[in-house]
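Report on the following structure.
A, B, C and D are the chain letters, set down in written order, and residue numbers restart from 1 in every chain.
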């Protein structure tokens, strides 16, 4: 097995794994019962999925300017998305939304 | 694949008319502005659809690659400037809506008409 | 396969647009408009328009949502249910949609290299750009040089829109003149520690990236329009975090107004300089030792002018709305 | 190989859109928009490689940097809103479809 084949296999595994976690996060954000659990599902898989997908792509890029840009994207996403999640949860908590509050969707009859 | 080739144009037509419908049927002025933004986006989509050349790539020339097919750069230039012009005109529209709200206390079109008649 | 991805995103676009029109809450509609812009950017990228996608990204994510929200803060966010019948509007829209779809069957196939749009001037630009202007990014070459006159006109439209917003909003409200108190609105998000620290860390990187996009426009996607939107997004972030007053201390209104005028003057000045050196208006080939070097100088200066004016206009508009909000 | 990641990202984008349409609170919508933005940045970087033009990563970088601004703008909007309307039940407003 050559080095290139090993790299390809690793990158396959990372991309598929990243895609799986991203998808799990999406399902969680749609199906969980209230806002805080939805955010839990979305926030954690966001971080892991982002990291896996970007690492998978980095393995394909070799050492070039693209690697640096991908690393920068990874760093900025890892900085901003937990911060956004924190800010959002904090705002929801301060405004008085309690866990379990928004459990039910509004009555479909009332929506236009 | 032949049918899929026209899908972009169909989405353009549908988006255009969703925008027009919002402008015609909603009395709320912000909703009208959002409808106009959708209308505008549909036009952008039409232009950018026309720039695509099969098997082509973005028109940024690559050194050392001969006989590469590039997509059409002209619509891209037109739309690039139009997007920034679009946000500037949207801001102007929003400013006028804010002033209307200050004078009339409402942003519903029929309410404003009623107040004008009185 | 890529075509199928495009079809998927286009379907999402239609769903989002319907969601925008149907939601009775304007705040929800603005959030959906943010999603709409993200999908448009992805679609532009799939259709090979990297420059356009970058513009949509910079404008849609950085400025548009913020402007809509600051306007909404001055209005009611609930749309009143209307009793008006919608059947006429539905009928007109539906009929026109069907007519337009019927008309699309006359259009050239998607991606057809022999379509008239791809046969007229585009091949000439693609062939002659390396020789006449010698920059890899043909979009920049057309924007700044071949169709520079057109871009100048667009720049003046932006200039006029910025001036118009100032005319409409800059005048003080009569009834609140005595009620102006120092209030919490103008404080920004100072007491949210984590976003503040991370956000302040990001501001220089956003501005730096904006400058990279500005000066890298010859080689990659970028240019004055994108850079202006990105730099103003950086300053908008600063204003959100530290309050509008702190942002105005960094870039006062006078400086912003100066930037609007300076950028437009720089563009016109490059054109006039070409005339004085014996060429035509906006003919850059006389600006340097060789025609190609002259083109490089001209494109750099013109893009810089565009960037300065766009930054000035977008920030002026943002501050005009933000000042109204904190006056309330 | 990239196709697996692109399909997962596109499906997740559709799920996030569904959450944004359903609501029910303002925070759910903001969460969906933020999620969608991160996924768009990932999608653009994967597609740049799929097209074989890694020089277009600038776009994904732009989203990674400025997607955050929207969330903060919403945060500030909600904060100002609750300052101005202290009497309303803040959990349900603004942004709740009633």
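Definition applied: a contact is a pair of C-beta atoms (placed from the backbone, for glycine too) under 8 Å apart; a residue touches a chain by one contact, two chains touch by 3 or more.
Being a predicted model, the structure only gives us computed values, none of them experimental.
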Review point. Most C-beta contact pairs, which chains?
Key: B-C
Check your understanding: So, what's the distance in Å between the C-alpha centres of chain C and chain B?
Key -> 12
Practice item. Please compute the C-alpha centroid of chain A, do the same for chain C, then give the distance between them in whole Å. Key: 28
Practice item. Would you kindly tell me how far, in whole Å, the mean C-alpha position of chain D lies from that of chain B? Key: 20
Practice item. Quick one: which residues in chain A touch 2 or more of the other chains? Key: 76, 80, 83-84, 87, 112
Review point. Using the touch rule from the top of the page, what residues of chain C touch 2 or more other chains?
Key: 23-24, 50, 72, 192, 195, 198-199, 202, 205, 220-221
**Study point:** Set of chain D residues in contact with two or more other chains
**Key:** 13-14, 23, 30, 32, 53, 55-56, 58, 61, 65, 67-68, 72, 75, 79, 96-97
Exercise for review: For this structure, give each pair of chains that are touching.
Suggested key: A-C, A-D, B-C, B-D, C-D
Revision key, fill the gap. Touching chain A in the complex, chain D uses residues 1-2, 4-5, 7-9, 11-16, 18-19, 22-25, 27-28, 30-32, 34-35, 38-39, 41-42, 45-46, 49, 54-55, 57-58, 60-61, 64-65, 67-68, 71-72, 75, 78-79, 82, 89-91, 96-98
Revision key, fill the gap. Interface with chain D, chain C side, in the complex: residues 1-2, 5, 8-9, 12, 15-16, 19, 23-25, 27-28, 31-32, 34-35, 38-39, 41-42, 45-46, 50, 53-54, 57-58, 61-62, 65-66, 69-70, 72-73, 77, 184-185, 188-189, 192, 195, 198-199, 202, 205-206, 209, 213, 220-222, 230, 233, 236-237, 240-241, 325, 328
Revision key, fill the gap. Residue positions on chain A within touch of chain C in the complex are 76, 79-80, 83-84, 86-87, 90, 112
**Study point:** For the chain A and chain D complex, residues of the former touching the latter
**Key:** 8, 11-12, 15-16, 18-20, 22-23, 25-27, 29-30, 35, 38-39, 42, 46, 49-50, 53-54, 56-57, 60-61, 64-66, 69-70, 72-73, 76-77, 80-81, 83-85, 87-88, 91-92, 95-98, 101-102, 104-106, 110-112
Point to revise | Residue ranges of chain C touching chain A (in the complex, touch as defined) | key: 22-24, 81, 192, 194-195, 198-199, 201-202, 205
